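Read through the structures below before going on.
Each of the two complexes below includes subunit A, the first together with subunit B, the second together with subunit C.
The block that comes next holds the complex of A and B.
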């Protein structure tokens, strides 16, 4: 019962934080709201038994993402101008999309229902077979590093590509510029 | 029962739409990327909610416990979180580059500069 109460409260706090982020125009405050939002999501993950995800979200979502955003704000300035055009059209689009999604949830299995289709096939297989096939107690690690090892390798390719992209956009150019100004050319 | 069973999904949809609204209604490029991150985190919560079983335990095998939450959504979301920060960093690098070229990160000012060229 306690878990249900915590679940409801944390979700409500998430909604409040997200709505505050919409209304603020100071980018520093928006970034802090995003940090709080990620931290609340981390608590959600602990409540919902996803310990590994909570670790990663705490390190990557709360830590690295927020620091990257703060670094960007340091370079581009923290004031966002209020949108000049009226936000009626985006609001209509968002409400229609949200209504369609809510309609879609009516057919979904109820929260924490053990008979939901998602719990019938691969989940039990991994839970039953991984102690014999892989031999470590943490099932999430078994799946991540072994059953879905190629997926994790592909993830590394994505990070590598993103790193090259960031270097190409910022790193290499920065280093060249002082050389151009003070160099022999 | 229906409302209690769907509460998580509805709040997630509210969060998703909040992020979506920031992406399409905000003119500031940094704020757009923060909106994209809000959207992304809400999808994470949706997946983890789907994996939860009533009275389940974290999927770390122990003697005497047989009721574990589904580990597969956790794995998918672990991958998604890391890919998410990679795309965020690339997006923010693009914003910094745009700021160098246009001296602004407001969408309509960039548009005006392009028009007047």
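The block that comes next holds the complex of A and C.
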């Protein structure tokens, strides 16, 4: 009962934060809203007992991405420009997509249903065999690094590529401001 | 923010703790929540805090960009290198059992190494991205 109340409160706060982020014009405030949104998502993951995911969300969503967005605001300025078109068409697209997604969830097994396919297939195998085969207490780590080692290698390659992309686009050399010693680049 | 003494002193006290906590998360990931991804981000957060408080120029002399570039690749090479090592030991790619006589000890060693690779690359990429964005409009 208590868990349901907590879930409803967090989901309501998530919706309020998202709406506030859309409505606000000050990009600094919007960034803070995103940070709050990530923090609420972290609490949600803790309530769902997904501590490793909550940890990642807290470190990446609340910490690093807030700092990176602030760095971007330092480059582009603090005010959002007024949209030049009316937001009717995007709104319709978003509503239809959202309705389709909600319709899709109707077919999904109930939350915490032990008969759900996800709890019948590989999940029990990992949970039962991990102590003997891998021998470390944290099953999340053993799945991530050993059973699903290929996936994690792929994820790391994605992050590596992202880093290379930022290096290629922005570079790390110090830029002179236009006017100082002639020219920006 | 350079002239705020409270911020500077608090940052100086807290940054070593952040880095130590990152190492704990990195090497304790087998036993509790955490692992390479989280540890890399937290480790980078310590350096980013340093860059925020003392300026990106100070951060750049603490971690020179050419070192960062090497570390970005080093983590991925370490991860893939574990896979190539198991291949050379006539097992499947990333089959850690081959790394040691005892399969479980092999798994421990393999997971330790790949998590370390993940942590190194993620930490270096995060600092790089921060420097790329925040270092652009230095006076």
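Criterion: the second predicted complex is superposed on the first by the 171 of 185 C-alpha atoms of A that agree within 3 Å, B and C clash if a C-alpha of one lies under 4 Å from a C-alpha of the other, contacts with A are read in each partner's own complex, and residues count from 1 in each chain.
Definition applied: contacts are C-beta pairs under 8 Å (C-beta built on N, C-alpha and C of every residue); 3 or more make two chains touch, one makes a residue touch a chain.
Bear in mind the structure is a predicted one, so any value in this text is a computation, not a measurement.
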item	value
Touched partner set for A:149, first subunit B, second subunit C, both or neither	second
First (subunit B), second (subunit C), both or neither touched by A:159	both
Which superposed partner A:118 touches (first subunit B, second subunit C, both, neither)	first
Subunit B versus subunit C as contact partner of A:6, first or second or both or neither	neither
Contacts of A:170 with subunit B and subunit C, given as first, second, both or neither	both
Which superposed partner A:49 touches (first subunit B, second subunit C, both, neither)	first
Subunit B versus subunit C as contact partner of A:68, first or second or both or neither	both
Interface residues of subunit A shared between complexes with subunit B and subunit C	51-52, 56, 60, 64, 68, 71-72, 75, 137-138, 140, 144, 152, 159, 162-163, 166, 169-170
Subunit B - residues contacting subunit A, complex	1-2, 4-11, 13-22, 24-28, 30-31, 33-35, 37-38, 41, 44-45, 48-54, 56-62, 68-75, 77-79, 81-90, 92-97, 99, 105-106, 108
Subunit A - residues contacting subunit C, complex	51-52, 54-56, 59-60, 63-64, 67-68, 71-72, 74-75, 132-138, 140-142, 144-146, 149-150, 152-153, 156-157, 159-160, 162-164, 166-167, 169-175, 177
Contacting residues of subunit C [partner subunit A, same complex]	25, 29-35, 37-38, 41-42, 44-45, 48, 52, 57, 60, 65, 68-69, 72-73, 75-76, 79-80, 83, 93-94, 96, 103-104, 107-108, 110-111, 114-115, 117-118, 121-122, 124-126, 128-139
Residues of subunit A that touch subunit B when the two form their complex	4, 7-8, 11-12, 14-15, 18-19, 21-22, 27, 30-31, 34, 37-38, 41, 44-45, 48-53, 56-57, 60-61, 64-65, 68-69, 71-73, 75-77, 80-81, 83-85, 87, 90-91, 93-95, 97-98, 101-102, 105-106, 108, 110-114, 116, 118-119, 122-123, 126-127, 130-131, 137-140, 143-144, 148, 151-152, 155, 158-159, 161-163, 165-166, 169-170
